[in-house]
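Next up is a structure, given as structure tokens.
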Amino acid sequence: MSTVSDPGISAANLPEVPLTVEGASVLHQIVRIRWAQWRSETPERRSAVIDEATGLLSGVESVDGGWTAMYSLLGHKGDLLFVHFRRSFEDLGNAEFQLARTALWDYMEPAYSYLSVVELGLYESTGKVYRGLAEEGIEPHSAEWNAKIEETLQRQRTAMAPRLYPDIPEGKFICFYPMNRRRGEHKNWYQLPMPERARQMQEHGMVGRRYAGSVKQIISGSIGFDDWEWGVDLFADDPLVFKKLIYEMRFDEVSAVYAEFGTFFVGVRRRATDLAELLQVG
Amino acid sequence: MSTVSDPGISAANLPEVPLTVEGASVLHQIVRIRWAQWRSETPERRSAVIDEATGLLSGVESVDGGWTAMYSLLGHKGDLLFVHFRRSFEDLGNAEFQLARTALWDYMEPAYSYLSVVELGLYESTGKVYRGLAEEGIEPHSAEWNAKIEETLQRQRTAMAPRLYPDIPEGKFICFYPMNRRRGEHKNWYQLPMPERARQMQEHGMVGRRYAGSVKQIISGSIGFDDWEWGVDLFADDPLVFKKLIYEMRFDEVSAVYAEFGTFFVGVRRRATDLAELLQVG
Amino acid sequence: MSTVSDPGISAANLPEVPLTVEGASVLHQIVRIRWAQWRSETPERRSAVIDEATGLLSGVESVDGGWTAMYSLLGHKGDLLFVHFRRSFEDLGNAEFQLARTALWDYMEPAYSYLSVVELGLYESTGKVYRGLAEEGIEPHSAEWNAKIEETLQRQRTAMAPRLYPDIPEGKFICFYPMNRRRGEHKNWYQLPMPERARQMQEHGMVGRRYAGSVKQIISGSIGFDDWEWGVDLFADDPLVFKKLIYEMRFDEVSAVYAEFGTFFVGVRRRATDLAELLQVG
Amino acid sequence: MSTVSDPGISAANLPEVPLTVEGASVLHQIVRIRWAQWRSETPERRSAVIDEATGLLSGVESVDGGWTAMYSLLGHKGDLLFVHFRRSFEDLGNAEFQLARTALWDYMEPAYSYLSVVELGLYESTGKVYRGLAEEGIEPHSAEWNAKIEETLQRQRTAMAPRLYPDIPEGKFICFYPMNRRRGEHKNWYQLPMPERARQMQEHGMVGRRYAGSVKQIISGSIGFDDWEWGVDLFADDPLVFKKLIYEMRFDEVSAVYAEFGTFFVGVRRRATDLAELLQVG
Amino acid sequence: MSTVSDPGISAANLPEVPLTVEGASVLHQIVRIRWAQWRSETPERRSAVIDEATGLLSGVESVDGGWTAMYSLLGHKGDLLFVHFRRSFEDLGNAEFQLARTALWDYMEPAYSYLSVVELGLYESTGKVYRGLAEEGIEPHSAEWNAKIEETLQRQRTAMAPRLYPDIPEGKFICFYPMNRRRGEHKNWYQLPMPERARQMQEHGMVGRRYAGSVKQIISGSIGFDDWEWGVDLFADDPLVFKKLIYEMRFDEVSAVYAEFGTFFVGVRRRATDLAELLQVG
């Protein structure tokens, strides 16, 4: 791929994939409540079911290496959204199975889910790192190159640990949606040169920064895990901010031309102890 | 993004996002009636169910900060459409949960929904405001700029309050559909310069104005809230007007080239007290 | 939109929307039979259900201002197709609710529907009328222009009344499908100039005319009513004619380039009194 | 469309639709078995159900003018595929209703179907015939032209009767899929001139001929009948041949550029008497 | 197709289809657990069901000519994934029916499946072989050519037998997804000349080789068998590797421009004896 005859690696041969660091494993679970079936139970049965589920959910609002947050969704796409952050996919699987084993699950119908890992894309430093290694004459993907890259990533992982393993974000409202970068026949994100992608991502980031005070954003990567390339979670106290932020970004080149969006889910944060109220009958 | 060396901001650097003001939070709920299950109940049970639901719906035909209107839909997409206008997303969530908790809901199957906020796009004044601030040498997104913009928006919100928080529109028929502006590989609304978008929107608006006497239109924005960018509600006494208006608009440049449409729902207005008749058996 | 400085309106400023006249309101309802549930009933119950439904359907094979025809469909898309022609959308709504209230409906599952109004597109005369009014110096959309146009439409409605409110067509077989005119990024029907659209529609019509003896066609418009722009009903005694006609038309420019098709439904005409045979068990 | 001033019809004005001859009416029915419901029945009931269905299916493995063949499908798309060849759509309708009326159908869930007629496209002779008639000065679509064309078709129908009304093909495996010819904005099959389409079809046919010994192919036309333009049935003793043949064809111009494929179904041939084994419990 | 006037076959006339060798027949089955129904059974019934299924699954973890492996999936797309490798499609059909006949299947709902055969594409040697035969003056598709090709393939099948009939791969995690090569109107894989396709595949393969130590990949071909052209299975102990590998590949020309992806499934390997734990209640 990149055979180099003289000292220094040609910039044209640098890898195109940006450096990323990954953190928490993330599962979004969206379910619908089977109201008719739920209402047909006796008050005693409903109480028991709520108690068991409340107990489980209270216990996982904070666990070693993560948390589970519950949201009540607006509209028909689902009634409840469970967002699980964990240390690993296995822990996610356990979180999912724990819920599936509750009696509550008899009254829930899975509607959607999304599997991803928290991801920080290092577009800003990637170019610098790649060019630096090239100037040192280190061949891409050589053992030395790999070691240097891993060293960089490890540094970033440490520095960014709080963003890679975030706490449950404040914010009364959540907005979740998956997205892709377009690979059209004419407009193809993956064929833009790295510096151009970095430029567009930086422009994009500047819009986000203007909203830093009113919205918290968590990006998770899902290439190889789910049907879109990234998941986006936004958290805010005023849901109008979701619209303003995303509308403004839509005029960025990277969104206007290269963003493809999946389904949008909007919900209100609930505590485990709100379950009884959410499932109250009559 | 916009570094300015001399007094005056270059027009080329003005923001591309048009100013908008927002009003009522809106939820469209479409449900199908489970006729077989409904018919299998005793007349007494059916009466009780209808009474409870009629009571609830009568109570929300007008509430503080909004209203709920009911429509019976034509065709298989759904039997009933509930349109909720409220002050906030939380109030919408409550409206939704109130319905879900009625016994009526055991005989209803959610088919679709749409979450949005009433939106007035200020394309006409946006350019003027942006250019005015530029001429005053006020940098976009600076604190001063933000304050001036907010001042403008606040003025508009006050002036347009009746349109931002409208009453239930007169009109026997409703036509609801969601839509996007195209972001194709070659035709991309979000890459047109602001003045061109403003021109097309104005042309579009002129068609609408010719129908002002026979149709009422409410636009709501749903970027960040639902799977399309806008929801459109039309209200008229003669449903043929829906076809005429939308067909004529289809030849506008902004619709011909840039409009993408979701599903269309057409219904007839019903009062809460019509529920008994709508659910009458045999 | 069209500012005219000298007598005579520039052709370039004529409206692009063709004149149309509308007739009967149309609802296609497609349902599947729940065989297992149906078979589980007693013969007495089945008889009673059939009698009630046959009575209703017999009564609406011809009603004031319309009719309901029943077809048994081939394939899994549905078992029965009810085609309702009525004077208004309200009458359609009543027709739909009448069926929904029969006991038969407990054994039917809605699979699809289509809402439209019979439409005759007057491409041939539109250009003539528009140019005539322009030559008289009458400004498009002025009160005078509107009155003249309405006069023309009214004349056409009277002349074409039998086609706008047609009887149930003869023909053992029905073929129904919805369709759009393409609005692609490069090929966009709604951006072709009126004379070019008129030319293509005329070429298209010539093919249809060759089949006039063996197939009857009813076009209904559904812009603003349903998810496609038009519905097409073909009626013939030999279903092969559907294939020949549509295949031949596919090479017309307007179909080859600008036609997008939805789902095709093919059925056999049945009388209300055939219901017992159609639902016969064992 | 084609106004001719001197003797002889310009080649440019010849019809673009290729001649075809049609044979058997074809319905593919794909169903899923409701295992839980089936298993919940008593052995006696199951025996009775199987006996009734086996009797019916045995009786239609060969009927006047056609046959019904059963295949067990691989994967979740369906468990059983019934392929019905009949003389007419009415006979197909009867075949479908006969099955629907069996007790077996209570344990079957319709998953897909496809309606078509056996079709032989006469691309090779179409050009010759059209040019011949043009040289004789016979105007396309004139009465004389129609008569001559019908004469040609009748000759072909007789000569090709065994291919138009084929027996159940040998071959342990079936592969069925529907397909379209592309009508893209840039690549549009229906806008290629007849000679070019004929050339591509001939190239395509040459690949098929190389597989003549190991695979049998039946093409059926479904324009106007179902949601794709053609259905393709392949029959072979070695299913690998399906992959080899279709992969090799994919590099033909007509497939590479103009083929759009629907769902693929692969199954194993079963006799009516295999039903007991297929539905065996435990 | 290839008429040759002098000794030697023009390179331009060489076949475009690459040589492939095929191995095991493969079926992926994805099912959802019907928890409510499962939980409603008595402990005794559940034990019996688990015992029967565990027995069956234990018996097929290794069978003559293949194996069945079980994975628990993350997210709502399915709960369990069964991957069957067998000698033939008939054996696959048997494996599928064996499962369908267990009592366990009453509590399982089929969600997806994928039918394919292990395939090794021989892009590297195809060109060499084709050119070699051309230089010998052997006409493509002649009897001699076919014999020589079959000889080559047979040699490859023997040499690659362990990859064509692989054991259950080590690796705690599986990632499965189907994919196509794009046949767009402008970017069409099947119209690239063989040497260009070979070049892109080689570049693609170099990325894969860098991950050889941490991920095992099995490609299976499904043209003619299922709705996508290939299935991809990745196996790894660290699921992050799936994301890294696929993200890096996305920048390869063959993936960036020509890859279209279906649904992604991610699961954790389970033994037959884990079934009791997976289905544990409460």
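By letter and in written order, the chains are A, B, C, D and E; residue numbering begins at 1 in each of them.
In this text, a residue touches a chain if its C-beta (ideal position, glycine included) is under 8 Å from a C-beta of that chain, and two chains touch if they have at least 3 such contacts.
These numbers were taken from a predicted model, which means no experiment stands behind them.
Novice: How would the chain D/chain E interface be labelled, same or different, where same requires over half of its residue numbers to be shared?
Specialist: different
Novice: Go ahead and align chain A to its copy chain D using Cα positions, then give the rotation in degrees, nearest 5.
Specialist: Going from chain A to chain D via C-alpha fit gives 145 degrees.
Novice: Report, in whole Å, the distance between the mean C-alpha point of chain B and the mean C-alpha point of chain D.
Specialist: Roughly 47 Å separates the two chain centres.
Novice: Measuring from the mean C-alpha position of chain C to the mean C-alpha position of chain D, what distance in angstrom results?
Specialist: The mean C-alpha positions of chain C and chain D differ by 29 Å.
Novice: Among the residues of chain C, which are close enough to touch at least two other chains?
Specialist: 185-186
Novice: Would you tell me which residues of chain D are touching chain C in their complex?
Specialist: 1, 15-17, 20, 22, 27, 29-30, 89-90, 92-93, 96-97, 100-101, 103, 105-106, 110-115, 117, 141, 183, 185-186, 188, 190-191, 221-227
Novice: For chain C, which residues count as touching chain D in their complex?
Specialist: Touching chain D: residues 32-33, 35-36, 39, 72, 74-77, 79, 173, 175, 182, 184-187, 203, 206, 210, 234, 239-240, 242-243, 245-248, 250-251, 253, 255-257, 259, 261, 263-264, 266, 268, 278, 280-282 of chain C.
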